[in-house]
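Next, two complexes with chain A in common: one pairs it with chain B, the other with chain C.
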Partner chain A sequence: MVRRTASPSGPRSNLGLAPAPHLYARLTTGRLMLITALCLLPVALVQLYFLGCGLIWQFLIIYVTATLCEAAVSLLRHRPLKQTASDCSTLVTSALLALTVPPLLPWHLSCVCAAFAIVIVKECFGGLGMNIFNPAMAGFVFLLISAPGYMFSTFVPPAEGAFRIAGLGATYEVVIQRQDPAPLQERLHEAATQTDALSGATFLEGLKTSRKSGSADSMVNIPDFTTGAALYYSAQAAACAAGGLVLMIMRIIMVKMVLCYFLAVAGFSYLGHLWWPGLYLPELPTLLVGGTALAGFFIITDPVTNAGTGLGRISYAILVAFLIVVLRALGSYSDSVAFAVLLGNAAAPLIDVLTRRRPYGVGYRRGELL
Partner chain B sequence: MAFLIDKIRQGKVWRFFGGIRPPELKQASASPIEELRIPSLITLPVERHLGEGGELLVKVGDQVKKGQQLTIPKGERLVPLHASTSGTVTGIGPQILPHPSGFTGTCITIKPDGHDLSVESKPLPEWEDMEPAALLARIREFGVEGLGGALFQTASKLQSALDGPDGCNVFIVNGCECEPVLTCDDRIMQEYAADIATGIRIIQHIIKPQLTVVAIEDNKSEAIAAMRAALEGSEVQLRVIPTRYPSGQARNLIRIITSLEIPFDEHTAECGVVVDNVETVLSIKQAVIDGVPVTSRVITVGGSSMGRIGNVRIRLGSSVRFVLNSFHLNPEFHQRVVLGGPMMGFTLPTIDVPVTKAASCILAPGSAELPLRQPALNCMRCGRCARVCPSRLVPYKLYALSLHSEHGKAQQNGITDCTLCGCCAFVCPSRINLTLQFRRERNIAFLLQDKERRNERALERIKAHEEKEAQERRKRAERKAAALQRIKEQGKPGPSPRLKLKDDSRPEERPAREAVTSLSETTRPLPQEDLRTQHSIPDETLAARRAALEVGGSFRSITPPARAAAHTTQRSVADETASGGSAKAQVTAGAEAAAQSSPRTASTAAAANGHPITQQEQPAAASSGSSEHLKSAPADPAVTPNPLPYALRRSGEQKSVREFTPWELPPEHQAEHSLVGLPSDPNRLNPILPRKPELLPGETPKLQLPERFKKLKNRK
Partner chain C sequence: MSEIVGVQGELKTPRVSLFKLFTRGLWSENPGLCQLLGMCPLLAVTTTATSALGLALATALVMLCSSLIISCLRFMILREVRIPIYVLLIATLVTVVRFYVQAYYPDLYDQLGIYLALIVTNCIIMGRAEAFAGRNNPLRATADAAGSALGFGLVLFALGSVREILGNGTWMHGAAQMLGPWAASLSTTLIESDYTLLTAVLPPGGFFVLALFIAGKNALTLRRQRKAEQRLQIKSVMR
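Moving on, here comes the complex of A and B:
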């Protein structure tokens, strides 16, 4: 049978042609990223309150650098700039990076870290959706490994109302004009109302020294989480949970995955503390301190770098939780979230292969109805 | 699992994997089914109703009545076509079909006379006394097909349920209508609930299911009420299921009602579950009880570009343009006209296409109502597509594989399970049209499977052929051995009678041979064995034959001996013709001498000289089938050597070239002769020649890289 199409012989059609389906959901990538970035706002407010306004400068520097890098790469790759800008993934990456780096980090280091995250980690692999590693975490680890001294010296002790002492002006001098951060840190330290075990440079740093001597259990006599530095950690966890809840309600992140992650963190640290109390913290401090909560709601839920199907994502979350707990006890860095996430990212393709979905109709036998 | 059917009977509703909840857009559910006037032209595609070797019952100029059968289809899977109004058949020929690519196909065009006379209906009130087989034949004869859109023939579906290993267990009437915009089934259930109930009883009578369920989505409260009232007192269960697209697809519905996941390579009917659309059930009732064939169907007309929307019973074959006009389309710039719903329908390249049984909706959406798809961004593996896929696929993975032409891996990952429901493309936040890619990949998968099947078939054929040849060889060897044995036993050493005959023929051929040789010194003598027992055709001969076809001569006009002659004596004879024929007499004498002894040899020899064989020379035995030929061919006593190529170029002289009857040829050539008279197809010349592969209907042509990409590729 000879088949011919209408177009060559007939007059040119002026009807609109579009492939099915003609309907689609409202959620787009840009909107999704924007919602995620907005959900990070509570966390940012908590950090502003307890750590001062350094965060604002860090975010601005990182965001501008990241956007410029992204634009340069898309020019090099002959991609339309508008399309690159329409996914707000750079915004999310820079927000996460700004929340994780020390607030008083000198600007050139922030620039380097942002450029590394965008150009090397994201764009070199093919841009959004192609990167293997989480750009924010990779940028943070890059900084941690290449400039550990700076990272250690620019941390600020959490203090209530720190934004009054470390205002925009004071942090401008340190971050942009690269003045010595020590006087500002000193003033913040004094401002911390109560000097307890948590008011060191960071709690995890103190923990590192104590667990090296096998006495981590001496660190866990935390009176309550309503005062001083401990309040900061609980407030940050609550802010993460609030943002995460919004994401879960809007069905942007998987509820099961987040739940499994926190349950796994609690379970592993409970077991660890049971058997080696000198190395492992009990479950509640593990859940609250450091970036555990932030990772659970915002970092491991990054769709690009985790496994694909539901089962794969849950396995990935449990793996990251395990790595966080173990690396926190045995690693030589003070916090382990970034390393755990990167290792989990590296394992994600393998998890994808291992958690293959059951095809439709497997297990069907004839005559099952009777 | 002895209790599953009881569980189903108790009214448990299961949930299928995935699915979406798109906006319903069912504004037309309040508008009753209306009738349109008779269109000015009816176009009925017939290819689906003919099959390979079906028969058309009308010709151009015939008067037809509404409901008159127009085709007799070949094969059990197809149903006949019926005229949808009375009028005159004004054309049977290629017309544009309702297809996204605007393919053409054979259609019957009817000019309606406006009277809308129908053939006498054949009601059958005593259907309950009929055998199921008779009812099935009636259903098929009245053109009932699955009106849900798949056009699976209902009678054969019911038949396969009857033939299945455990008969029919569950019969599900599909009133889900999950696709947005569509309201035709909803309206049918509201208006024809009683008829549908009767249709259900007919099907129950045929397939005798253990359980019958009518499934309706919970967003059709009026249809549910109507059906509930109609099914009052019967054993049929009404099952209200949650609204979720695509619950109306057969496998999803089976999963919802029975919890069974029937694999995609099994037929649901053979597994004991029959699913039929409500409109199909209605048309079964009309076919069996009222005796009215399917000549119309209910469709929904919707979209914000329409002046009004509604449901309409439309005659099959009315054009989409007619429907759009009747509903006052007010088109926007580049108006899309979608045939089918917004999830699975396709945009038409032209609106001058007929409405067929497969169409369920005509949608003319405005760009504000259904915005155009934005350009796609990168996939970010958010996994939404995997969460909504009702076939349990992982679309983002399949998409990546398909983009990189990993066809084998795509098949392993189940591309053939894709039902193209569009859920993945609906939810994708990066606006990737996954369904489009999957449609392509699925076609490739089917093509590859088909090729594999064909390869296997070819290998089997070759194997069978080789076995047959080996067997023949063995038989020949046995016969030969037996013959030798016989000779030995008789004690008569020497050649067999057959061999003797062969020897005898040689001297008689000699004159002709000498004649040829005497024509020109440059000519090589013809290898006589070749002429007589020529089984392989030399390339030059093929070329000559092809040339003959090209100049428009019939294949019969050139005969194998003549061909052989052509390629050996062509040049020399041409020379001789130019110089005048002193050798003519010799040639004729030689030929005549040969003719007396053996007619066949004579003609061979004569032809070998490029000499046309005229009436006198033609043996009486050879002219048994060519008396017309004898009359038409003018008697030409003057013998002129006629070089073949020249004869081929001049059609007037072709008549004088002698026609050979097939029995004069070796068996291979006889086979070829039987093809003569067919339209000239150069590929037919030699059956061994590889034939140009034809593009299958569903096949996608191989991707050709555009020039600029080739350049890029070469640059490296």
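Moving on, here comes the complex of A and C:
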């Protein structure tokens, strides 16, 4: 994992050099972020196919807002604009945010959540490499808490070939001109096969309703790969895995951490389903629905906001997995990935302390270290 | 004994003018932005501008009266038991204000809830009584309390306004219940009626907006200092 070592807040250098040590790596922060953003492309394509073109507008709005906010902050902080523009972290944050917000969200809310994610969550804590919380997830949570009505009225049911119905023009009218999204959603509903399987806006929302009556086990026929929703969720998970595999091969993300995360999600949901079948889903649906796969490959692996040591990263992944499974069953919002990631981020400094490496030559006897 | 205390107090703090006492509470030692006292009501009650204004007025009233009375009685209050006596005095005043608000402004009373009674424990009032009113004459104590009360009230009102505008798109909503029928025209809807941004009204929004206020205040205060420092720097070192 590459962390930016030279602190930009240190003494102002007149020679354009960072303090020693001068390590050279071909994988600069900008290149790393660009690769991550490219690896998100398969996920974006799957969402375009199943959810329509709203994603494109969301990404454009969020990216423009985020870039403007970054530029404004770097002007305020007297940082060179070129340096801010050359790391593509804003691109990754905007892409993740655009993939998580509902595709038909009105543009002003997208602007607000992008500005919040960049200005307050990222830059107020010191900018790139210094932020405690994942900006994309914090922006999503901000939106979820701020406008719960909009969040659930602008989701679209996944339908095969939705990009034909919800094309660029149709989504432009809803997102930018802020027309009522209901007619478009209605048409998508008709296009989706077996819409009866989805009683709510999303699968997880429907699940939440049925869970309140303690009958979540009646909805677990999701690995039936014929329905549109199940196909969408498995395609999305596969796209995440494809992008994640590239990142793993390029050694950008830690393989052990991702493996532990998915094993932990599967294990916790298996146990939960074993003991409280009315509350917890079995392991396969838990792995597929919502943002579990996206979180595993792209969100918890964010080098800035997770723990710093290898063991710490694995514990962090297991903690987030546990929180996702438990909050999904007991939380009051339909999906829990963002909340779980934020709680995990808050715990990451503590995990760092608990998994501190033993310096060579000390700590063999009890009580010698610390 | 008490005369010695007075001498000690005057030796510690150089005498400042009445005007400076007043403005000190407004800006350089603002209770909300600098001393960070009274955070509990500051964050809890400022969901709308009206309730913030109500609490600001109630706090200011209690603060002025308590400072005046404490500084009048400062030679009679035994040094060893001064804190209980201050608390007793402040609690009496708060009870009076609370009954008054309950009788005449029941809506505001419901809105403020427990925070009206909790003015007793507001550290600003206690802090002013302990740090200033207990060792200065009534005129100076009143000026100091007025400055602090006004500074705190302005922060409360500004925070309430920003949070209400961001959160609900309205300003001074429900002012008529508190200030009388003439204030109905104050209640304005700035953004379309179905607009909400709940986070601004919820507790995290209070922290965010207050933090931005403090940051803004610090930036303004440090600006002059930094400019003076820059003037002394050697030109070639500066970029």
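Keep this in mind: the second predicted complex is superposed on the first by the 329 of 370 C-alpha atoms of A that agree within 3 Å, B and C clash if a C-alpha of one lies under 4 Å from a C-alpha of the other, contacts with A are read in each partner's own complex, and residues count from 1 in each chain.
Assume contacts are C-beta pairs under 8 Å (C-beta built on N, C-alpha and C of every residue); 3 or more make two chains touch, one makes a residue touch a chain.
Note that the coordinates shown come from a computational prediction; the quantities given were computed from them, not determined experimentally.
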Report task. Return first, second, both or neither, reflecting whether A:Val112 touches chain B, chain C, both chains, or no partner chain. Result -> second
Report task. Return first, second, both or neither, reflecting whether A:Gly310 touches chain B, chain C, both chains, or no partner chain. Result -> first
Requested in this report: Have a look at where A:Val362 lands relative to chain B and chain C in the superposition and call it first, second, both or neither.
Outcome: first
Query raised in the report: Should A:Leu271 be classified as contacting the first partner (chain B), the second (chain C), both, or neither?
Result: neither
Query raised in the report: Which partner does A:Phe142 contact after superposing on A: first (chain B), second (chain C), both, neither?
Result: second
Report summary line: Winner on chain A touched-residue count between chain B and chain C: chain B
Query raised in the report: Can A:Met130 be said to touch chain B (first), chain C (second), both, or neither?
Result: first
Query raised in the report: Now for A:Thr28: first (chain B), second (chain C), both, or neither, which partner does it touch?
Result: first
**Report entry** Footprint overlap on chain A, comparing chain B with chain C
**Finding:** 14
Report summary line: As the complex stands, chain C meets chain A at residues 196-200, 202, 204, 208, 211, 237, 239
Query raised in the report: chain C touches which residues of chain A in the complex?
Result: 12, 14, 112, 120, 124, 142, 145-149
Query raised in the report: Which of the residues in chain A end up touching chain B in this complex?
Result: 1, 3-7, 10, 13-25, 27-29, 31-32, 83, 86-87, 89, 126-130, 303-304, 308-310, 313, 352, 357-364, 366-370
Query raised in the report: Which bits of chain B are touching chain A when the two form their complex?
Result: 1-2, 4-5, 8, 17, 20, 22-23, 47, 94, 96, 101-105, 165-166, 169-170, 180, 251, 258, 260-264, 266, 271-273, 334-338, 340, 342-351, 363, 365, 370, 372-375, 377-383, 386-387, 391-394, 396-397, 414, 417, 420, 422, 425-431, 433, 435-436, 439, 695, 697
